[in-house]
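After this come two complexes, each holding chain A, first together with chain B and then together with chain C.
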Partner chain A sequence: MLKFTLRRLLTGVLLLLTVCTFAYFMLYLGKDSIAYGILGETATKKDIIHFNQVHGLDKNFFESFFSWVLNAVQGNFGVAYTFPDPPATIIGQRMSVTLILVVVSLAIVAIVSLALGVLGAVRGGWADRFVQFLGLVGFALPNFLIAFALVVQFAVIIKAFNAVGWVPPERDFGEFLKSATLPIAAISISGLASLTQQIRGAVKDTLQNDYVRSLRTSGLSFKRVIFKHVLRNAAGPALSVLGLQFVGMLGGIVIIEQIFAIPGLGSLSVAATAARDIPVVMAVVATMAIMVIFVNFVIDLLSAALNPKVRLS
Partner chain B sequence: MSQQIKRPFSERNLFTKVITNPTGAFSFVLVSLLTLLAIFARFIMPYDPTKTDYSHVSEMPSALHWFGTDDLGRDILSRMMLGTQFTLSGALLCVVIALAVGCTLGLIAGYFGGFWDSIGNWMSNVLQALPGLIVLLAAATVLGTDVYVAMAIYGFLLSPAFFRLTFVTVRGVRNELYVDAARVSGLSDFAIISRHVLGVVRAPIIIQAGIIASISIAIQSGLQFLGFGSGENLSWGTMLMDGFQSIWLQPIRLLYPSVMLALTLVSIVLFAGNLRDETERVGNRVRKSSKKSKEEHVSEVAVEKPVIHAEPKRSGEEILSITGLEIGYLQSNGQYKVVVHDANVSINKGEVVGLVGESGSGKTQTALALLGLLPAGGTILNGSIKFDGIELTKLPSKEFDKLRGRRISYIPQEPMSNLDPSFTVGSQMMEPLRKVMGLDKKAAKARALELLNMVGLPNPEKTFRSYPHEISGGQAQRVLIAKALSCGPDLIIADEPTTALDVTIQAEILDVLRDLQKKTGVAVLLVTHNFGVVADLCDRVAVMQYGRIIESGGIYDIFDNAKHSYTKELLAAILDENGPAREAYVAKKVGA
Partner chain C sequence: MKRILATVVALGLSAAALVGAPAQAAGKTLTLGVISAVSDWRASSGQLANLGPYYQAVYATLLVQAPDGRTITPGLATYAYDKTATVLTLTLKKGVKFADGTAITAAAVKANLDGYSKGLASDASTATAAISSVTAKDANVVVIKLSAPSSTILTYLSGTLGMMENPAGLTAADAKAVPYGSGPYIYDAANSVAGSSYAFTANPNYYDKASVKFSNLVIKAIASNTAAVTALQSGQVDAINVLDMTAVDPLKAAGFGFAAQYMDQVGIFFIDKAGRMGSPWKNLKVRQAVNYAFDRDAALKVFAAGYGNVTQQDFASYNAGYVASLNNTYTHDLNKAKTLMADAGYANGFTVTFPRFAGTPQTQVDFVTDQMAQINITVKWDSFATTGEMFNAMWAPKYSAYRMTLQRDANDLQLIDFKLARDAAWNPSGYGDATSDKLIALARTSKGAVQKKALQDLNKYMVAQAWSAPLLEKMAAFGYNKTKVVVKAHAGNVLPYLLEFQPK
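Take a look at the complex of A and B:
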């Protein structure tokens, strides 16, 4: 198990490094035009060289990427082009907002799709058709359409929740709920679809196994067999979809934060891109990659804990 | 799956099937209409979509402007029409690039070898480590916010979907014999790929393309909502942004592009889903028809009269009595297909009764009915099963749970697939002991080890700690026997307990079964197709064929004096099956 954990950890670090290299390389290629854009029409060649020098982009790619990595490991993402604060500080301020949104949504998605998926697989009939329909709609509709529908219904027509803005939970929990409910609902609803389908499929497949019947013959109730044995065996495929789901959520949250004017990583990435602020873009990319890799690492460990065969591979 | 790879179904046939089903037809019509609208938008739109008209600002729908006008007085219907063109062409670009990159690399990797597999895997891992939208935003920092550029990059990001699909299918086809045959007959690799491989991957690729089209339309609209693209790039996404900005003044403007987007995405996904369901159904149909031919075969066989031998002298009281049992499966046409007809079996305490027949003769169905665990769709249509005075056919499932394990237990056929792979043998042994017998953890463990020792496992402690994939088939079968005995049942149903094992291990397992049966005095219903096993263990035998019991009686009556031609056939088969070792044993017992 220790060997497995270490190997997964190493793969994660390698993956992170690859992602950052790609991103840095791309931005490095465009650095001059970006500097030109930021300094304005009047900038001379000298200005641009000076600008790149200040931001450590004057050396060759490997040197400057290496020093970026060295600083990044210590939590220093350089100086932002356009934002007043250093990138690391901005990320720190905004990360908690996005984490609240994503973690709460992920928990809701996991619990609800578990319930619906099992219901669909075990009950069959209309319950199954309902689950299938939900899966189709949730899969086909992007989260921003769901967000629009929620905003129009619950913020414009009923006025039960806030249409825009963000109140941190520690400041006023009631207001926090008013500002966070709709975005979380939008993210969760569109996240539900594929996980529900996956759990439904995995449970259905697992139910076909001989040992399910054998367990019943030893006197265990249907409920116990489902919740102890079938779910555990169905968990592997469902967990890997949960990992993909998390990536999808991070992407979806960019638009959701924009719709609800929430100051998180998503809206930061839009603002940083619009400002062509390389250090902030790199910091966002690295942070998101770390989040994805961390979640997938936890999921790998969970699947290994649940399924003895995974540990061998 | 292998079924589908072997014989690619006719795609025209598939297409007809999809559009004759209501959701398929609906989605097909909608997608076709949208495509036509996109192509001819410039000719049929009633107004110039960019022309401002300050005398008709923010109007509700009217005869003049069917969808109303926006805050600059532009006709919303015309804007929707032209927007369709831009939106769909962006999606097309994305799909084409994903297809070109993914399929090409998939074909190469699948056909030429393993190195490409690791590269492809690593690439798709990298691409999946970041949300697509973040990658597109980062790329926009350098490449600008042109929507077509973004869609091209997105096509590249989505190409692993096609890569996987092509790679897996090509791998599968490559190992088929006919591809080797084609190579032997001198066809070039290129000819083989285009002839055999492309035919197979076509249908799944169309399905995947539909799904990718819908994802790309969604992300494109999202990007434009975030402010990507210029004013000339009029699309549903731009209109969403306009609409969202006027959400308090004129919420209906948000409705048009939203509904349009929703309808389009749902119909594309529906169409792809229908196509997939239909391809899967084609696979099923092949299997179903083969079953049917067997059934027809049944009716052709002249039914020979069942032979019931006079009961030999029996000791003990009756524990199980099956009378007139009829089991049927509900077919899609609402009729029941009867798989067991009028079965009568009786077992006394301590008796071992064999239920013999070839596969498909209904013996396993009878056994499952005794356990109340017929597969979905199976029902007891007639007759009664009395176990120690309890009528099982009408027993509520809660009551049945109390019988299983404690009073009736089961030894399955395939040992490896009948243990839950995620739990250790020990935990699976202890679970019924604790739940059914109510032992505490310590007592359950002690009892489990005692049982494992009883069935002759050389190292019970080690087996107890092992996972099912760490023990052999013979060991697993011993574990299952121990499990069946664990709660002290009155009746064990053993369904082909030795069939899946090697011949030498079969003999060992039979020894274990015989010893333990003698020791505990449990009654056994032994389901098997092998008269050698019957001779080894049974007191009485019932022979089944085509769902009927065709001959029954004491073991000696059947072996010495078989009347029914099918029983004689089965008896003759003993020698072929188990070789001389079994023959000697049978001869000894029969001769005694």
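Take a look at the complex of A and C:
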């Protein structure tokens, strides 16, 4: 298990370095026009040179990237070009917002998918058809469309929730619920489809196995067989899908945060990219990459714990 | 995406109509939506356009601009010129204070103005070009010496240049993150959410409390056009700039008010009218042919989805130099355009290169290409990844003409300085002739009816000379909740000024 863990850690570090190198390179390609974009139409050549010197844009790629990596590993992402705070501070403010949205949505998706998947697989009949129909709807509707529909119904018409903005839970929990409910619902609804189908399929397949019949004939209750044995075997693929869901949600959060005007990492990435604020964009890229790598790492460990064959692979 | 948005707006509004009109205002809080979060609170980074409300909330200005965009009245200070109009004396009103209660002194004003002159990045820095020195004569009097009479210095002092930041903020390490203000409101960081919502409370030390009609202000950063519409519909903002024009009519039908503004002008600008670059634009008939060739009604649809007005003049309807009848000078007439081209010796046309920003919609590029092709002018396009690079090439000047969208200030003299005078930023070839020089000089040195006549004569002359080929003016639609606020457009600015919002 230790060897497996170390191997996964090393892969994660290499992946992080690759993602950051690629992102930095792409941003570096457009470095000549950054100063023009930020200083505006009236900037002189002298202003441009000064800006490039101050922000290290006059260095070659390797020197510039190496310097960024050295600082970044110490938690210093440099000085933002267009934001009042350092990138690390901005990430700290924004990450909590995005994490709340994604983690709560992921938890809802996991719980509801589990319930619906098991219901469809075990009950069959109308329940199964209903679950499949829900899955179809979830696959067919993109999250932004679901978000629009939710906003119109619950924010514009009955004004039960906020259409835009964000209130931190520690400031006013009631207002937090009003600001977070619709975006979390939009993310969760579109995330339910694939996991529900995965759990339904895996449970249905496992139920066909001989050992399930043996367990039942040995006198174990159906509930115990399902929750202790069947779900354990079905959990591996479901966990992989959950990991993919997390990655998908981090991508989808960009659109959701724009629609609801929420100050999270998604809207930050859009604003920073539009402003070509390299330090902030790189901080977002590194943070997002670390989050994805970390979640995949945890899921790998969980899968390995549930199924020892995974460690060998 | 637009169709989806329009459907969503229509669905929302029809349903909203069933449950009643927009919600009634509660208390005296004004909630505005703006396009993005504030990234730098320093007055030197201040602006009046899309992010104007942030800076107008926390900074008082030396002078004040009326909603007509032209009338300048005293703000923190009164003003007076000497006979040569090169010495401007500002006298601070008694008892004016910064938000922290310290007095606003002549030394503080000098420190602010010197800061701009030292080249701090700001659109105000362009205004300081005419300032040769700033002196604090005593505690309340500031003397600004100008290198030459300036037609725009008062306007700038009523805008970004006149925003007074507490000198403590000019050197403070956290000045980007915290405003050191003097304006009608104080930033309330504890009740704000960075990047999303910014809260303000009325400043007890503000010099003109009577003009502050709301005791609290909230500014919400809403970047998405869709979110802007739903924020207005749901009552989460009282007013916001609606950038998606397809939402305007449904919102109007649902009872929301709109303050329309026609600032941005789209046109073909002939730079090489002197013919120094060897282009045919020297020939008046060629310039007139382009004016006749364009179908302006079609242009309005292509460039502004039909929201705006067609125009044939560089002055806006809110300018003193505007002459309505000039819009009938070049009625679309392709045959006349072709005849003029033939008379000019260009029956077979010629080829010209225009610059374009890579992000310009292809439909707009194709439209210009097609319209010019009707009179055998072939347009080739140089694409630029950024507007900054494109502007530099245009100002070089590298191009003999270009298609461009330019703003039009309400102050006619500012408009002249911006694009018509020989030294105007958007007249990169420095073109002018004896008549234009004479009329511009007269407009700059006269007042009242004489000045108005000079401006209108200048406009008539430039239209007759086909100085450019103006096509249309785009509408900017500022939507507001009529049950809560009353507001009108501020001429020459995309948003109304903050203190122009009145409670219903």
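A few comments on the model shown:
Keep this in mind: the second predicted complex is superposed on the first by the 297 of 313 C-alpha atoms of A that agree within 3 Å, B and C clash if a C-alpha of one lies under 4 Å from a C-alpha of the other, contacts with A are read in each partner's own complex, and residues count from 1 in each chain.
Everything that follows uses one rule, which is that a residue touches a chain if its C-beta (ideal position, glycine included) is under 8 Å from a C-beta of that chain, and two chains touch if they have at least 3 such contacts.
These figures come from a predicted structure and were not determined experimentally.
In the superposition on chain A, A:145 makes contact with both chain B and chain C.
Once the two complexes are laid over each other on the shared chain, residue contacts for A:261 go to chain C alone; chain B is not touched.
In the overlay built on the shared chain, the residue A:107 is in contact with neither chain B nor chain C. Shared-chain residue A:70: touches no atom of chain B or chain C. By the touch criterion defined above, A:159 reaches chain C but does not reach chain B. Using the contact criterion defined above for the overlaid structures, shared-chain residue A:99 touches neither chain B nor chain C, since it reaches no partner. Shared-chain residue A:17: touches no atom of chain B or chain C. Once the two structures are superposed, chain B and chain C can be ranked by residues of chain A touched, with B on top.
Touch criterion met: A:209 reaches chain B, while chain C stays clear of it.
Contact with neither chain B nor chain C is seen for A:54 once the two complexes are overlaid on the shared chain.
Looking at chain A, you'll find residues 30, 33, 145, 148-149, 151-152, 156, 163, 258-259, 270 touch chain B in one structure and chain C in the other. Within the complex formed with chain C, the residues of chain A that make contact are 30, 33, 35-37, 39-43, 47, 82-85, 90, 93-94, 145, 148-149, 151-153, 155-159, 162-168, 171, 258-263, 267-268, 270-271.
Across the interface of their complex, chain A is touched by residues 125-126, 128-134, 137-143, 214, 218-219, 221-222, 225-227, 240, 244, 247-248, 251, 254, 258, 261-262, 265-266, 268-270, 273, 368, 371, 373, 397, 401-406, 408-410, 412, 414, 417-423, 431-432, 435-436, 467, 469, 480, 483-484, 486-487 of chain B. By the touch criterion given at the top, residues 4-5, 8, 11-12, 15-16, 18-19, 23, 33, 36-41, 119, 121, 123, 125-126, 176-177, 191, 193-197, 220-224, 226-227, 230-231, 233-237, 385-389, 391-392, 425 of chain C touch chain A in their complex. Listed in rising order, the residues of chain A touching chain B in the complex are 15-16, 18-19, 22-23, 26-27, 29-30, 33-34, 136-137, 139-142, 144-145, 148-149, 151-152, 156, 163, 209-211, 213-222, 224, 229, 232-233, 244, 247-248, 250-252, 254-255, 258-259, 269-270, 272-274, 276, 278, 281, 284-285, 288-289, 292-293, 306-309.
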